[in-house]
Structure formats: C-alpha cells, structure tokens
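Working notes, beginning with the structure itself.
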Amino acid sequence: MGVENSIKAFGEVMMRLEAPDYLKLEQTRELKVLYSGTGVNILSALSRFGHATSLITKLPNNSIGDGATAYIRSLGISTSDILRGGDYIGMYFLERGFHVRSSKVTYSNRKESSFCTSNIAEYDLEKSLKQTSMIHFCGIILSISEQMRYNALYMAKKAKQLGIKVVFDFNYRPKLWKENKAQAKDCYESMLEYVDICFMTEKDARYILQMGDTEVADRNQQIENVIPSVSDRYQIPVIAGTIRENEKDGRNRIRGFLYHHGSLNYSQTYEYQTLERVGAGDAFSSSIMHGLSKNLSTEEMLEFATAACVLAHTTYGDSPVCSEAEIWAVVHNKEVEMER
Amino acid sequence: MGVENSIKAFGEVMMRLEAPDYLKLEQTRELKVLYSGTGVNILSALSRFGHATSLITKLPNNSIGDGATAYIRSLGISTSDILRGGDYIGMYFLERGFHVRSSKVTYSNRKESSFCTSNIAEYDLEKSLKQTSMIHFCGIILSISEQMRYNALYMAKKAKQLGIKVVFDFNYRPKLWKENKAQAKDCYESMLEYVDICFMTEKDARYILQMGDTEVADRNQQIENVIPSVSDRYQIPVIAGTIRENEKDGRNRIRGFLYHHGSLNYSQTYEYQTLERVGAGDAFSSSIMHGLSKNLSTEEMLEFATAACVLAHTTYGDSPVCSEAEIWAVVHNKEVEMER
Amino acid sequence: MGVENSIKAFGEVMMRLEAPDYLKLEQTRELKVLYSGTGVNILSALSRFGHATSLITKLPNNSIGDGATAYIRSLGISTSDILRGGDYIGMYFLERGFHVRSSKVTYSNRKESSFCTSNIAEYDLEKSLKQTSMIHFCGIILSISEQMRYNALYMAKKAKQLGIKVVFDFNYRPKLWKENKAQAKDCYESMLEYVDICFMTEKDARYILQMGDTEVADRNQQIENVIPSVSDRYQIPVIAGTIRENEKDGRNRIRGFLYHHGSLNYSQTYEYQTLERVGAGDAFSSSIMHGLSKNLSTEEMLEFATAACVLAHTTYGDSPVCSEAEIWAVVHNKEVEMER
Amino acid sequence: MGVENSIKAFGEVMMRLEAPDYLKLEQTRELKVLYSGTGVNILSALSRFGHATSLITKLPNNSIGDGATAYIRSLGISTSDILRGGDYIGMYFLERGFHVRSSKVTYSNRKESSFCTSNIAEYDLEKSLKQTSMIHFCGIILSISEQMRYNALYMAKKAKQLGIKVVFDFNYRPKLWKENKAQAKDCYESMLEYVDICFMTEKDARYILQMGDTEVADRNQQIENVIPSVSDRYQIPVIAGTIRENEKDGRNRIRGFLYHHGSLNYSQTYEYQTLERVGAGDAFSSSIMHGLSKNLSTEEMLEFATAACVLAHTTYGDSPVCSEAEIWAVVHNKEVEMER
Amino acid sequence: MGVENSIKAFGEVMMRLEAPDYLKLEQTRELKVLYSGTGVNILSALSRFGHATSLITKLPNNSIGDGATAYIRSLGISTSDILRGGDYIGMYFLERGFHVRSSKVTYSNRKESSFCTSNIAEYDLEKSLKQTSMIHFCGIILSISEQMRYNALYMAKKAKQLGIKVVFDFNYRPKLWKENKAQAKDCYESMLEYVDICFMTEKDARYILQMGDTEVADRNQQIENVIPSVSDRYQIPVIAGTIRENEKDGRNRIRGFLYHHGSLNYSQTYEYQTLERVGAGDAFSSSIMHGLSKNLSTEEMLEFATAACVLAHTTYGDSPVCSEAEIWAVVHNKEVEMER
Amino acid sequence: MGVENSIKAFGEVMMRLEAPDYLKLEQTRELKVLYSGTGVNILSALSRFGHATSLITKLPNNSIGDGATAYIRSLGISTSDILRGGDYIGMYFLERGFHVRSSKVTYSNRKESSFCTSNIAEYDLEKSLKQTSMIHFCGIILSISEQMRYNALYMAKKAKQLGIKVVFDFNYRPKLWKENKAQAKDCYESMLEYVDICFMTEKDARYILQMGDTEVADRNQQIENVIPSVSDRYQIPVIAGTIRENEKDGRNRIRGFLYHHGSLNYSQTYEYQTLERVGAGDAFSSSIMHGLSKNLSTEEMLEFATAACVLAHTTYGDSPVCSEAEIWAVVHNKEVEMER
C-alpha cells in the first residue's frame, strides 16, 4: 500500500473571455469567463477518470490568479504545485462563429504572462515530480521563448531520469513559429529525446520533422507510412492522434489511430456535432493516457479515446468534463448503430 | 459661419472587466465589460453638453479595438482621430467592495498597450489639432514611460502654439512613481509650462510640486495658501478641484473650488452617495471646461461642476452620462434644501 | 351557500419596461418586463387575502395581450372579464434613480391603447357586474378622454344601482389635466356621486375639490378640517389615505388615516425603506377594502393597511404580493418596537 | 482634397424588443432591446466599409430617443442630422420561431411615431443634403401616410436636383397597402422618377408595377424578362436584388442579380444558415452601393454583396456588422469550395 | 345557459430546475425554474383552446407552493382545487444534452412530496368533480405507492359514476415498476375499468397488458393488431397515440393514430425538430381531448393533435403554449407542402 | 519532516437555491445555486488561511453530488473523504428580505438526504482521521436523528482517542428540538465530553445546559458568569463566541469573546453591514481555530476572528472567501479609526 501516484502537466493557464450568444465583441456588454489550457484540459479529464492530478504552472498572485486557481480546483486538479507571482495571466477573447462566419480568437498579452516569463529555478522539481507516474507537455511551449524551451526540456529530462513517463502533444501552430521552421524542427527533436507517449498526426511529421511522402494522396496511407518511422527514429513506443474526415454531406466524422506495440490501429468512425470545438483533442489524448495507465486493450483504448473526443465536442468549455460511464455509453451506442 | 470647434483629449482607453453583484473574481463566471479612461470620461460629459468631441489615442486593430471604438462612439465621441495598430488594450478588473471590504482593481498589461507603446510620429497632429478649442491631458500619462512623457509634452506644446487651450489633470498616483518623486516634479513642471486650465488639490501641490505649508492643519487654509501660488508660479489662470469632507456621521460630502480671475471661490457643500466611484472627478473637470467655454459665471460654473460630480456618483460606469438639465436639477434641489 | 362574491376593478393594464441595475435606457441592451396598473395592483393584493378578483379592461389580441393576461393570472386575478381587441397596450419605461438622481418614467402611446380607445358598449356589464361586491376605479381614467370619463361614470352608476360598493382612488396627477383644473373638479364630482369608499388626501381636496383651509400650516390639522367635510358634502361614508412625513434625519416615515363611522383615526407611524416605490399606495387601499369587507375594527384595519403599504415598498414590482401573515408580522414587530 | 462625401438615408428608427431564447412573450420577464430600420442597417454596413454616413430621421426627445441615438452612434453612423421631438418611437416585438413555429412580429404604435408624424419643413435639407453622394429611401415609407409620401418624394426630388444619387428599395409589404394596390403603383412610380439605383425583384415588378409575364414558370426567366424593362421604362440605370431558392433538401440557397450597364448578371449560388433573418437584404443593398461608389467590377460587386447577405444571416441584430475582410473571406472560401 | 363545464386533471406538480445553455449541473451557478407535470401540461393546452380547466393536486403551504401556484395560474389553469399542506414538492433537475450526449434528469424527493403523500380523504371530491366534463389521470401515479394507486382508482371510479369522461395516459416507465411487472398489469387493468379515452402505444399493450404479437416486425401492423383488441377487451371507445419513426437520414418524423368508432386512422407524417422534448406527447393527448369535446372529425382531430405535438417540440417548457390558430397553421403548411 | 496535518469537518452539504434581486420565489424564473453547510464554511475559511482541509460527508452519486463536489473543491477543500451514494442532497430555498420584510428560508427534504441517512460504518474512519489535527462538528447534527447523533458521538470519541482536537459549535436551533429540551441537554452533554474547543454564547448555556443566572440583566455579566462555569464543568479549555449589540441608531455592532487559559477576553466592537448574513459566525469560529493552531496571542486571535466575521457579512455566499491579509486590513483600519 502507499500514496497513489499522480499525473502532472507542465503548461500555461489562460483566461478565456467569451462573447455570449454568437455576439461579436463590439455587440456585448458582458463576457463569460473560464480558465483553460492544454494541461488543464488533460488533467480535468484524467481527474474524472479517478487519477490524482496536479498542474505545474505559475499564476499571478492577485485576484485573477485566485480565480484561475479556484476554477482549476473545481475541475478536480490539485493546485499545490502552482507557483504564484509575476504580473499577468495570458488571455484570449472568443467570439463564436456561426455557419460561414468563423469563430475568432483574439489573444491578449500571452508573452508577458507569469507562466511565460517564469524561470525553471523557481519550480520545486524535487517536490513536484515526486510520486508522479506521467507528465504532460504541450508543443506550444516550445514556441514561446528560448527560456520556456529551456524550462520544458529541463523538466522533461528530469522527469525521464526519474522514470516518469513523458507525454508530449505536438500541437504545432505554424503562426507561432513563422519563418523559423528549421528552429522548430530542432526544438521538437530535442524534446522527442525524452518522450514516451506522443500525440501527433502525419502533418506534424511532414511540417516539423520533414518526414513522410507527400506524393501519397491518401491520408491513411500517409499515416501508415510515417508514424511507424517516427516511432522508430525517435524511439517513441506510443504514438496516437485523430483524423477528421471530409464533410461532403455536411456531417463531421472522426476516427482515432494508435501506434502501440509496433502496430497501427484505428478506431471506428464516429459522427460528431460541435457545441465547443476547443479541447476536443485533449479529450482524446487524456483518454489514451488513461488507457495506458489502466492497461486497457488497444481496441478499448482507441474506442474510448475517440468517443471521449466526440463527447468533448458536446460539452461547454475547453476542459473535458465527462465521466468514464458517459464515454462508454457513446462507444456502445455507436456499436449498436453499427450492428444495424 | 464655419465648422464648430471641437474639444479633444489625448489619453488611454482601458477595457474594464467587472465582477457583477459584489462578487469576487473567483466567484463569478461572467464579467461586465465597458471601456473608459480619463479622456473618454471628459469627452463623454462634454458631448452631452453639446460639444463636438474627439479622442486622440491608439487602439489595437482587432475585435477588442472594434469593441472599444463602438463603445466610445455610443458615448457621443468621434473616433476619427483614433489610430489602429499595436497589440493590446490596457485592462483593469474591478471587484466592487461592500462596506469594510474595499473595491479591488487588478491591472492587466497596461505598459504593453497600443497606446502606451505608441510613438508621437504616428499621430497626424496636423489633422487632429485642426479646429480644436481645448485639449485635455491626464497626469497618469507622465508616469508610464519616457516615450509617453515625450508624446504628451510634444502634443501639449504643439497645441499651445496653435492657440488651443491646454487642460491638465494632475491625477497623481504615488504608486506609479514609486521612489522617483523628484522625477515626477520635473515631469509635471515641464507639462505645466503649457497648461491653461489645471485640475489639482493642495495635496498635489505638496507631494509633487513641494509647495504649501504642511503645518497648517485646516484643509481650506492649505488650499487658500497654495493654489494662488501655483497659479502665480506656473502662470496658470484657472485651477480647480474638489474637496471631500470627513464622514463622521456616515454621510459623504463634497464641495468644489475654483481659482479664476485671481480669486478663489467655493461651491456649496453637497451630500453624495455612491453607485460608482470612478470617473466622478472627471465629471467635475469636464463641467468646468464646459463652463469656461460657455462663459458661465464663476458661481454657476462651480455649482454646476460640483453637482455634475455628485450626479456622476449615481450613474453606472466611469463615463458621465447626465445631461445639463439633470445636473441643474441637482443644483436647484440643493438650493431649495439650503433655503429651508 | 352560493358562489363567492368577487371584487372587480375597471382600469388600464400597462406594460412596464425597466432598465436593470440603475442603468439609464441608453446604457442597457436588456429590459425587465412586467404588467401593472392601479386595478391590477389592488386586485393582486386582494386575491392574496383570499378574495375572488377579476379585472375589467381591454387588451390587444396579440402576443402582448397574451403576455399581459398570463402575468395578471399569475397574480391570482381572473381574466375572464377582459376584452381582447384594439391595437396597443400602454407602456412605460422605468429608469431607476439613485440618491439625487430621480427615477425617470417615459410613457409610450397610452392614449392609443386598446383600453383607452375602448367603448362602454363593448363591455358585457351584465356579466361582469354579476356577483360583485366591490368595484374599484382610479382617478387617472377621468383625465384620459371624454370617452373614458363616460365609460367610468357609466359603469360606476351601473354598479351603484346594483348595490355594488364603488371604490374610488383620487390619484390626481396635475400634469394630466394641465390647465383644465375646472374640468377636473367637474369630472371628479360627477364620479363622487357614486362613491362609497374613497382614497385621497387633503391635497386632493384642495387642488381638485377646492376645499380646505390653506392657511392652516399643520398637515394633520388640514386633514382633520377637510376630510369630514368631503365625507359630508359628497355623502361618502369611508375616506382613507396615507401621510408621508418629512425626512429630516434621512429616514422615511408614513402613517395612515381612516375616516369611518364619522370619526377620523390614525395608524401608528411606521418607518419604511424603498426597494420599489410604485404601487405602495395601492397596497394601502386594497387593505382597507379587505378590512371593510371582513369587518375588521378600525384600528386593526388601519394598522394592517399601513403595514401593507410599508411592506409593498420592500417587494419588487408595482403589484403587492405579500400575504396577510406577512403584513401582520410587520404590525406586530412594530408594536414590539413601540413597547420598548 | 476636401471633406469626404457622406452617404445618407432618410428613414425610420424602430425599437426592437426581443424575447430571448426562443421564448414566447408570455414566457419571459426580460427582453433584449436594440434599434434598427432599413436606413440604420444600410448605413451600419456602409460605415464599416469606410464611408462617412448619417441618418436623417426624427426621434423623441426623451430617454428612448437617447437610447436610439447612442445605439446608432455605436454602429458608426452620425446622428447630427437627427431631429429630436414628437412623442414616440415605433416599436416591434420579436418572438423568434423554431422550425415549424414561425417568428412573430408584433408592432406597437408605428403610425404615431415622431418620424411618421414629422413634417418635411422641420428638416434642414440645406444642411443635411450638403456634401452627400448618395441617399437611401425604403419603400415602406410610401405606405405610412400621405404626409410621409410627400416628405419622401420632396426629399428625393431635392436630392436628385443636387446631383445626389437616389437609392430606393422597393420593400413592398402587401399588408401595409391592403386593397390600395392602384395607389401603391402611383406612389412607387412617383418615386421612381428620381431613382438612380433600385433594389427589387420580379415580384415587386409584378405586384406593384404590373409588369412581367406571369405565365413564365421559371423565376430566372421572369427576372430576365422584366428587370431590363423596368430599367428602360423608368430610366433606372442600376437594379439589383436577391433570389432565394427552393429548399428541397433542407438547405437554404441564395444568389444575387445586378442589372448594370444594360446587362443582367448573377452571382454564384451560396448556401446560408440563419441566426438572424432581418436585415440580410440590407446587407446586399448596402454592398452594391459600396461597390458602385468604389467602382468595383460587376462580378466583384455581385459576389461581395451576396456574400455580405449570407454573412448578415450569421450575425445578431438587424444591422450588418461585418467588415470587408470578413465578407471577402466568404467569397473566397466559396470559390475554393466551387473549385473542388 | 349555465356555467361552463370544466376539464380537470388529478396529478403531480413538479419543480423543474434546469441548467442553462447545455451546461452540466457542475458547470452552472444558476438554474432556470418552472413547474410542470402531465396534468399541468394537458390543462395548459386545453385552457389555450378555450376550456375552463382546473388541477386537482396538493402542494406545500410555503413559498415553493406559492411559486408553483402562480406559475400554474399563469398558464390559464384554475388553482381552486389545489390543496395546500405537506412538506415538499417533487423536483427534477434537467441537464440538456447535445447530439450524442443525452439529456440527464435527476429526481429529488418525489416520493415524499405533498402530492405523493396525500390522502384521498383530504380532497373535496364533491366540490372538485362538480361541473366537470372530463378528468385526466397519468399512469405514473400508479407506480408511486399503494396509497396513490388507491387515490387514483377511487377518484376515477367516482368520476365515472358522475358521468365524467375518464381520460388515462399509460405513460409506462419500466424503471418505476422494476421487477413488479405483474403488479403493473393488475394496477393498469384496475384503472382501465373506468377509462373512456386512453393514450397508449402498442408497446404499452405488450409490456403491461401482455397483448400483441411480438413476431410481427412491422410497427403499424402491431398497432393494427393490438389496439382494437385493447379497445374491445377493456371496453375503451377511444384510444390514441403517436408513432415516432426511424431517423435514417437524420430527420425526425412522427404521426398520430386514433382508434375511434371502431376504426383505426392515421394522421399524415410530420417532420419535427426539438427545442424541448418533454411534454410533446401531452400536446397530442390534450388536442385529442379537445377534438372529442368539440366533435371534430376524426381526420381533423388527428391532424390537429399531431401538429400540436410537432409544435410543442418547438416551444420552451414542458407545458404546451400554442393557440389553435398556430396549430392549424402547421397543419395547413403541411398540406401545402404535401400538395407540391 | 512529513505530510502536513489536515483540519477536517464532519457535516452536511446543502444545496442553496436563491431567488435573485430580492424577488419572492413566485416572482422568479431563475435561481442562483451554491452549496454550503457549517463544515463547508469552516473549511473554506481555513483553506484560505493555508491549512489543508477535508470534508467528511456523504453526497448522492449523481449530477447534484457532482455539482456539490466541484463547488467544494473550488473553495479549496479536499473531497477525498466524501462518500458517494444515497438519494438526495438537503436543499434550502432563500428569498432575501429587504428592511421590514424578513429573509425567508424554505427547506426541502433534509431528513432524507444522503448525509442524514448515512451510517457510521460506511465511513473509513481509519483513513479519514489520519494526519488530522482538528475536527469540527456542528450541533445541528445532534437534532436530526438518533442515528446521526450516534454517528457524531462515535466519530468525536474516536477523534479524541487519536489526539485530534475536537471542535464543537452549539448552533442551537430550538425549532429543531421542539419540546425535547431535556433530550437536547443530554445529547449536547454527551458531545461535550469529547470537546476541546467550543463555540457558544450564554444563551446556549441557559437554554440547553440550563446554566446561568437569568436574573442578571446585563449580557456581558451573564457571559462572565456562565462561560467559565461551562469550561469548568465540562473541562473545555477554549470557549468563544460573538455578541451582536442593540441597534438603536440603525447601525449593527458586534464583538467577540474568548475564554482561554482561564480568562475571558473581548475584542473591540466593530460596526458591520450585511450583504450576506449566513456563515458569518463560521468565519469567527474558523478564525479562532486558525489562531489556536498558529499560536496567535489571545488579543490577535480575537481581533482577527471578529474582523473575519465582519468581513464575512460583506461577501456573497455562506462560505467565507477572504484572505488573512484582507482580514488584517479590517483590524488595522479599525484600530486607526479608534486612534482618531
């Protein structure tokens, strides 16, 4: 017996300020507020699956930091590894689109946030990495600054040394890297050295790692060509991701893939509709992490994770809030539908 | 005949994000949003008094800038002198206090705002200072950065040269200057060279200009000692301000003073209650500006301005939104009350 | 045994559109809506005291009329005597004041409303006045138009003939009569012919009926001089009203008076605070009506009615919504307080 | 160089009161409020495209007029040509439908509004028509009263004389004319004398002008037959409109047509979904006005205007609030979709 | 002449507490509240069709009971037959689902409610069943407790004796009966003894009455086989219900059936979309009750009732709120669509 | 070194459903929801003071339980000791009063709640009482049922045996005990056997313990007489409470007392105003618990706790949410005010 091991994430918390009812910002006098981030989302899902979770980040020591902390705690995530200090929280304003009108995201002072200006020396790694089974990093961190890259790599290395599973989500955003594509490759490759579980698609392989055969038209074929090579070259035993399919008939479809024990597997294809787009990918990733830690079969893991992703499209907010039972219900309805 | 002259202000626009219903930020999932700033407030009042008004500032060229622009226009202020560009808008979060619990203001990235990083060369002064009768500056601008000080002094000098009345509100905030009290004095004195109409109290004279006799206990006496000296030393013909009195019986009282044509005058004393504290001083200042431009008598001007200030405590939002008729009604009710 | 007698009112229903949170109309993008009117208010209170009540009025046969009807029913008032037709409902916009800023009411097309353009011949008086013990009229109706005066007098006469107690509230609004003071007197006197129970103050006597000695400084003295004379001259056995007292110490006080069985009585004096000012007088009137119909003692009636009025200041909306028990609790707390 | 020419509209402002969340009026205790009208909508769009715009109308000189004015200003429209006086604003209540339940609009006192009872002599045409490039009229004005027809025709004639382009939108509403179809024809023809740019469809030609061959089954054919004839008979160089197509598969489609330089052109067909139905036609019209004033090619103008119309279905409120960039994005996504 | 006969229902009122905007309960700090129940729903519809209606139930004598009463009255239902006493109201919390995420209903203390613990002796049947033409019972009442079954059967028997039409809706919920299927059959059969009009489907026949041939695949065939037998065996002259069809193309369809005068008829098939799922069946049932009481033809009744059901999916809240005119408009649009 | 000791509470969580804006329940269609309870309140405050805290209770395993859990976590309280199961949560509806209209609380099924029907055997005391420094009980638990009394006494005894400080708040509510005053005394005395820190007043001593001299008029004198005796008789080293004073001038005042180390001390007297009445006493108690655990001086502890109580009146919700810094600010402002 002993204390349960915890799953951690090192990542930014952002304040999300959303115009209600499909209004443009100029049309509203009130905003809905919540706090999110890839790490928050991953841990929110995992805490609902019964895992002890804790976020490693830095938040300002003011009312905004208090608000973020209370929100994160309400999701079931421990805030005991959170540093308090610095000046700001990163923010984004969300104006929801409708049909041909796209959703619009406007960032406000991300680079100056407490997290993005934090120093690795401030974090008590000794304490924060104790009794930890997995730790999650998001690729966006690599694009912020030299210092943030250093922080991430340092912590990943340290975690690896301690036998903690290092989880990494490519989350490549070309805009953030601009012309520094070469630098992006270097940064990502430095990170991959420590990675045990990786979330990515064939596009990440092509754009960042410059792997894959662009002459193959079929997306599945591309995945089958490149994902095993990535696993092989960077010694990453588990790679997973989702494929969103063409919507010729106005319906959205998704399926998940998982490379594990040297073989590539696919989930069934699920239709989805979108109440909330942000965070759905994090529902997939966190579910694979859960499946691995619970030793689910590859098939179970894949169906569970893809259904979690589908379900995350149907709940408000970036952070997944559905239970295992709710996710399995989607899997089973699906299968029933398939049987007919 | 000709085009009416306009009153302008050079100043920052901030987004105000307010927790509703006396909640702390950590207790709310929605925020009320509006846009304000000393310049916005002054011009909002003046446009209600029938003046053409226009704000000179810089706002980001995104949805937030659009929101600010629409709001400012709704107040009756022209936005044709506003530059669009840069990255951010300054923001402040407001948690309203209740009784012994003070209101709490949390700033978010002011220094990096589009306005605070703007350069004087970007502004089309030729166009913006044409057909202008008065221009207003707020002392806070002097504390932001070397560049903002330069911008303000350059524009004030230019305005002075063009025969535009330069209006200046001390608005001294010790926190913003920290230990640089000496620098503050220099900066303020550089500004005062160009000033025609100045809003301040005896405290500003003492803390910034190091004038006034601190051994005099009585506040009125201090004002009578120091305000004429300030007028004299810096050649400022009009100086005005408000005095809030002790609230021993739990009631709040205020009166205004005005140094003009070489003599110091006081308004009657008004009781006030507070729905909104921010912006009440700007209601006073803008009313004095209105009175001067309309050649009201000193007495009328003072009563009008103090009543405007009292009334601004009773309306929501930083920016005054009452009409001349509403303000005169307060003056006249007051006098009736006084007569009894 | 038999069917219970009902209390009726003939009067207008208005839609009230209110800016929330002390905002001015120009500051809000949402309005709170309810439906009220003197008749509605009177009957709302009486239905809570256990009386069957029914409103005689006319409402447009559209969604707005449906809204008004549903609201009135929710108050416990029967809508089976309501005609449907015509074009409009009268409306008023309410901007709540704060301290020195007065509340502002803006009317919108009252004169053209379905009720104000209705014709007496449309009403099924046979049916509407059956099994009715009392019927209430509000003086405002006399100011609207020749036709409305005719309607009111015709119905009052008819009711009187049927042995129904006619209740009349002066509700004199000088603005509505403008210079036609003489006409007002005639109209009111025509009405008083039929009245059994009348709500008024010494001011109504002075301004409309030109009775009372204006040289008497004391208000109580004026009431004692004039109310018995009014009762005598117009043969009205019951006259009642409220007196709001000077607020020198910032506290509001009220007491009720009742002339009944030839003697004038006063309630104790109650302090009150105001969440909602409109409709408080209707709480007093309806409570006197209740007391008379239940044969309460003069003293009980007066305390109950004044406490009802005090309590009506503390509930949202024009229409009284408190129970007998809640009102008696105010009376008894009052007395306890008095005993100390 | 010189002062930029302005685009104006002469038309009514209405207050829109909307039940939220698909509720019926009887189900709600709060309403959303905004101000709109064809003229407001046209100018809102044009001000976003960079034009100086100003509305010529009359609003009551009370809080409601203040609310309307603030709202119109927030859209970017100058209110300096607005008269203040009269008693009312026209209003409409909106209950949004859902699927088979239609939206329901209930008007309240339109005929008595400040605008609809205004007299041409009150308007300072000298000032209001100075430095104006285009002026817009909506056909509804012709149905209100003899006086409003006179006002409109007088102003259109005056504008024509001053070389201002007169823009006219048929906006035919059979209900408003009832049996006076012959009168409608006369009124519309009197107006067409002055019109340079006209918005209409083949239905308007048939029902009002009694032109067109009703035996032709195909709508496109009808348009091709009748629009050139209208242009020819009434000497109107530019005629445009939109065609909504059958929705057999549950999808809505629209395309625009434009008769210009003697030839009839069509935009591509766009699918649309509806967040807000009102005002979408005004987005089309204003975009054509913009295209003409900027000398866009016929093809560009048509695609831009139809995309603007599609986009206006996706934003809240009657008045278009999208930028040129947002509209072009819809055009270009469309083309991409088409290329596939 | 005489007093109109009333339609009554004996049934529970529940408080519905709903998380807004598709939120989960854990995500919201506010809930929307209304009051409903099968009886409430039935009578709400019938009162809109012009019937006098009254609910027989028991509600606690506290603020919650007052709230329920006011709400029920606003729907047009008389509350004069409602007992007040006991401790609680039954409640249910509603979390609306989205796409694959199902709506979730969480009950809170139903069994202990004032109604569910009420005793038949408390009800004044003499008074409540006077001048009543029909009385409605819902099958759920049979599952609550021995006492509630007794109450329902007693009242149904009494009504039958008085010549009141007894209406019964199967509303079978397997969860509520758990393993007591045999008991369910007994209870339902005891009730059917008194029933004149019954709402059910072939499933109810199969699961409760153990009638019908499960080997027949086709649903229509099953209905045609079993409904006449039910009518015959239990001597119920009118049986009706709705059939929701497969949604292979993502569209929902429904049609109604009615067994009357010994023959089985079907309405046309209607497509529907869902704003609110609860209460739609009650719209069908109440419309059939209306049709029977107004002697509509079988065809009219069926189209009207099915359209009412379709329309009830499009209005907020459990209780139908549409008028006859609105329902006929759906019927007629339908037919037009069909004709094309 | 080791893991920090935790403070625990054994108590009920209730859902609070509040009518907004001073509305009565019958006037509102929306309710504000939060979760509270004496234990929740105590631990909310303590977690803000830096203590690890955890609530021992039982909540239903449904969406309502999830909502309560998320809310409690957001306050900073661990939910790892919470059992999930049973059927209900206790609820109370809150209608806020205004001036003479009292606030009204309506309970809904408390006795049947998961907590109130829980059995001591379900709780894992081994785990829940490990590493615990203090545990808090509220006297209300003793009134619920024989079983709950047993649960509380068993757990208190167990805690005492483990050396955990047992904290007890009398919280005597005469209504809950009705005529069983004798039983109340027995129950409380059984509990006092284990208590180390007790919150009570002289009234509790008189009504429950039948101690104290009722002939002494002065309240302070009563406290001084009885509190030391209670401490002595029941061997309770620490007893504290608050005294609210007469409000003759309309102002509310409070002071705290603390019996510790054998002597009775008082805080200064603080004025307070009330945004929220519930939970203020819990702010006092939790602050004394904090002071004891941090070894503050008696004087510091008393000022801190009384100021915390004053401040809790000014924040929304039952649970204290202020920081140590905010509380000390009230103490120091107080003292400054005193110095003048």
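As written, the chains take the letters A, B, C, D, E and F, and residue 1 is the first residue of each chain.
Everything that follows uses one rule, which is that contacts are C-beta pairs under 8 Å (C-beta built on N, C-alpha and C of every residue); 3 or more make two chains touch, one makes a residue touch a chain.
What you are looking at is a predicted structure, and each value in this text was computed from that prediction instead of being measured.
Of all residue numbers used where chain E meets chain F, over half belong to both copies. The two sides are thus made of the same residues. With centres defined by CA atoms alone, the chain at the far end from chain D is F.
Set side by side, A-F and B-F show the greater C-beta contact count at B-F. Remark: chain A and chain E have CA centroids separated by 47 Å (rounded to whole angstrom). If each chain is reduced to the centroid of its CA atoms, chain C and chain E end up 42 Å from each other. For chain D, residues that reach two or more other chains under the stated contact definition are 24, 26-27, 29, 70-71, 74. Chain F makes touch with chain A in their complex at residues 70-71, 73-76. Those residues of chain C whose C-beta lies close enough to touch chain B in the complex are 21-24, 26-27, 97-102, 250.
Only residues 17, 24-26, 28-34, 62-64, 66-67, 69-71, 87-89, 91, 93, 95, 104, 106, 108-109, 112 of chain A touch chain B when the two sit together in their complex.
Contact residues of chain E toward chain D in the complex are 74, 251, 272-273, 275, 310-311, 313-317, 321-322, 326, 329-330, 333.
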